[in-house]
Amino acid sequence: MTDNGRVRAEVEIGTRIGHANTNRVTVRDLDLVDDLIGQVSYAELTLLAITGKRPDQGAVRIVDAILVSLMDHGLTANALAARLNYWVAPEAIQAAVATGLLGAGSRLLGSMEGCGRLLTEIRADIEEGTPRREAVRDRVRELLDADERVPGIGHNLHKGEGGDPRAAKLLAVARREGYAERYVPLVELLPEVLTELTGKSLPLNATGAIGALLMEVGVPWQLHRGFALMSRTAGLVAHVGEEIDNPLTPEIRKMLRKVSWIDEDGA
Amino acid sequence: MTDNGRVRAEVEIGTRIGHANTNRVTVRDLDLVDDLIGQVSYAELTLLAITGKRPDQGAVRIVDAILVSLMDHGLTANALAARLNYWVAPEAIQAAVATGLLGAGSRLLGSMEGCGRLLTEIRADIEEGTPRREAVRDRVRELLDADERVPGIGHNLHKGEGGDPRAAKLLAVARREGYAERYVPLVELLPEVLTELTGKSLPLNATGAIGALLMEVGVPWQLHRGFALMSRTAGLVAHVGEEIDNPLTPEIRKMLRKVSWIDEDGA
Amino acid sequence: MTDNGRVRAEVEIGTRIGHANTNRVTVRDLDLVDDLIGQVSYAELTLLAITGKRPDQGAVRIVDAILVSLMDHGLTANALAARLNYWVAPEAIQAAVATGLLGAGSRLLGSMEGCGRLLTEIRADIEEGTPRREAVRDRVRELLDADERVPGIGHNLHKGEGGDPRAAKLLAVARREGYAERYVPLVELLPEVLTELTGKSLPLNATGAIGALLMEVGVPWQLHRGFALMSRTAGLVAHVGEEIDNPLTPEIRKMLRKVSWIDEDGA
Amino acid sequence: MTDNGRVRAEVEIGTRIGHANTNRVTVRDLDLVDDLIGQVSYAELTLLAITGKRPDQGAVRIVDAILVSLMDHGLTANALAARLNYWVAPEAIQAAVATGLLGAGSRLLGSMEGCGRLLTEIRADIEEGTPRREAVRDRVRELLDADERVPGIGHNLHKGEGGDPRAAKLLAVARREGYAERYVPLVELLPEVLTELTGKSLPLNATGAIGALLMEVGVPWQLHRGFALMSRTAGLVAHVGEEIDNPLTPEIRKMLRKVSWIDEDGA
């Protein structure tokens, strides 16, 4: 042991995603300067970095559609939290954005990855020989037996026949781009099967559609919530921008002062 | 005061970025379903959400170039931190991503917004009548007098004449897209003026180019670091994905165990 | 709607924990200056703030024992993550500490609150008339039937008869302070009942003891992990202090540079 | 390079704070079970972990006084942010607490460490031979010349002669415990010297007193904000507890719904 309490240790370390050295940066073996900057979009490089495969333009457009659909929902609770934290630490925008992302919890985004997981399980059953409709029915019944919600279905507002218009639009984009073969048909069966099993009529919602689309373009369900994080990061930066120009925090602090006077600089 | 210690308060609250209601979501008054999903890209909606103006495709390609240039630099310290935290809380990918973003501090990303700020000040001087070269010289001298680094210039590795190849590529994209009129010429003067004032020859670096480009497309300097956050969020999700398939954490924990045995489940 | 997109809204807001106004700060109706500073300890005010009741000194010593037992476990993965993030953003120690706390996930600390929850359920069964041993047996069997681990029992290292020495010490403190009547006897039955049901011999571990002690002093299981956070915050501040005097990050970065050269200031 | 892109690297790693191994946990070479649990308080172990020296009971009582003074200031903006984030991710209390800590930014807590830093500089000047009053005057004049506030002095409310009652109480505790020799006299000179130099009469505030006391017990100024984090962590856990029993979030969300309807589960 050395004087500062250290010992030498060996470790096997590395990544296959990207490399940076004195001469160049590569992502998935493509050169940042020669192959990527000015040639690919954010969505394309994201899909490449995650899957390790160069996506076709259809897949890229699907990812863009997903990222667009999740960017902003107005003044949500986590956007407000981010703005409050930015106001007290404007030198650290990363802390404000992190605040907003920490509000992207299970109650808000849980059903997206839940749907991706369900579709993964159904698909595996089909690969092993279970007929499609039966596979869907078995897994949905399993959830119902465990008293769990079927993720991706139902909505507290769009209860009518039309369902959630974002879901319909996202599925239409998937069809347009030729990515509606493996998971989209499964997610579309969910409402049907649910009605069959319970009599209830609940439409597909946006998170269900997103789960199916991300599976179609090769993103494993464990990373689905990550796409909400990417998207929301942009939305949160926009909220920070508005907070700078037109701050809400003083209004909120005035409101809080009704119950607790806050000592700005007295710790 | 009510029983639970509450009082009624009034507050004036709202946002101009986006709205969500039972019928539809809008971002900057465009309808998510009718106008945005499947029609605009992540970079386009980001720019729209932040600036409030619909960008042209040139500006969108510039934002994509910037986001692409910052997405991944291999196994950086904050990517490692994110992976370590994911491993202990796989149910909360948002916490792992937040961890990585919290490592996007001043030492790593400070010069990007510093350069944007400098260019903002120079531009304001020019608007008020100072000749371009003089405006650049005055502000650079100010920094040198205060013993501060000139942000956006210099690089610990690319010291040669060629400079940082990413910077050159980013400026080329700006020219290609017709966004090299207001800030790009200023940032290109920085190395020249520095040589003039100090004799030192330091090239423009990537953060300098990014600062100039973001100013060109209308993003205020206070939000520049936010583009690194958007970009890095995608890179961090890719690292989480690799951590799931091929975890590094057990290797790091084995290394740490050499100095401290870690009790996984004993708190 | 006003010009900046705002509307007036009413909200009922407040807290019973504490108040701050121009004259004084109170916590649970005690005056900070007259009643608290210089008179009560951190553990005492913590318990008061959380439970709303002034604790006796025995309960305070139990909380101190718990907080002490969780403060530091050497160079853990999350301490390392915190140190890496501090190094890149030394202006924001709160981000480094937050990083370390975000690593306090379910895999590391899940069993503490799991045990508190289990004891809560058992206690409720007893209040409703189930005999003590039967209540323990029923709930343990329920877990075994669901193929879940019994939280608070077992340890990857201290498998022998002695068990986890921290658990024994914590229970001894509880007895010394007269807080071993309601939950301690239940947690002590867990290993016995497990042996009875499965033949396996697993000792009580530290998280089990902590869960029982926190229940004894009136802290609901949902907040148990919070005590690990308080404690770890102090440990993380110590790690930041060591990072300042004797940084590990350059060593780690040197190691990472073997696989990815990191550009400190090039974003 | 191995198949998964890894290479072997060596690293010198370790800590002097604590160790954990199969037999025991030590903090600063004291045994957790034999020497610490049930024998020392949170404040005592914190000071030991940070400074590496066993503190006397006077120093411990000072740390307790500081931690008590910072624990809760009612429903502050960051407490609200933490509660909003808890509500959407109740499975991850660490994310809610991290949210609250991320709001402990420069605007809220900057002056505490600023005062510690100022006192450190003054003390160094005195050690090098500058007379005490002159040392204080020089450093205060330096701040005034740079148009900066003198940290630790002044208060938006307690402007009268009495000053901030928390400051007076904290200094009284320091005197009672025999820790008012090296930094307390310096901090007490600050208001006097300011009046001398500017004619303004501003009292010492709580953050000034805390900065002086932490210096007295051997905590370097860079870690001062860390004590606010420890303290606030407990306060935030209390707020989470209140949020569980008596949630504010639905009220806030109802208020937000006036401007943006939030889709709980539609992402």
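A, B, C and D label the chains in the order they appear, each numbered from 1.
Here is the rule we use: a residue touches a chain if its C-beta (ideal position, glycine included) is under 8 Å from a C-beta of that chain, and two chains touch if they have at least 3 such contacts.
Quick caveat: nothing in here was measured; it's all calculated off a predicted structure.
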Query: Which pair wins on C-beta contacts, A-C or A-B?
result: A-B
Message: Let me spell it out: compute each chain's centre from its C-alpha atoms, then which one is farthest from chain C's centre?
response: B
- request: Could you put a whole-Å number on the gap between the CA centroids of chain A and chain B?
  value: 20
- prompt: Once you find the CA centre of chain A and the CA centre of chain D, what distance in Å lies between them?
  reply: 35
- request: Indicate the whole-number Å distance between the mean C-alpha point of chain A and the mean C-alpha point of chain C.
  value: 29
Query: Of all the residues in chain A, which ones touch at least 2 other chains?
result: 4-7, 9-16, 18-20, 22, 69, 73-75, 89-92, 94-95, 98, 102, 104-106, 157, 166, 246, 251-252, 255-256, 258-263
Message: Which residues of chain C touch chain D once you look at their complex with the stated criterion?
response: 5-7, 9-20, 22, 24-25, 27, 32-33, 36-38, 40-43, 45-46, 49-50, 61, 63-65, 67-69, 71-76, 79, 90-95, 97-98, 101-102, 104-106, 157-158, 165-166, 169-170, 172-173, 176, 220, 222-223, 225-227, 229-231, 233-242, 244, 246, 248, 251-252, 254-255, 258-259
Field: Residue numbers on chain C that touch chain B, as the complex places them
entry: 1-2, 4-16, 69-70, 73-78, 80-81, 84-85, 87-92, 95-96, 98-99, 102-112, 155-157, 164, 166, 205-207, 210, 228, 249, 252-253, 256, 259-267
- line: Note: in the complex, chain A contacts chain C through residues 4, 6, 11, 13-15, 18-22, 89, 91-92, 94-95, 98, 246, 251, 255-256, 258-263
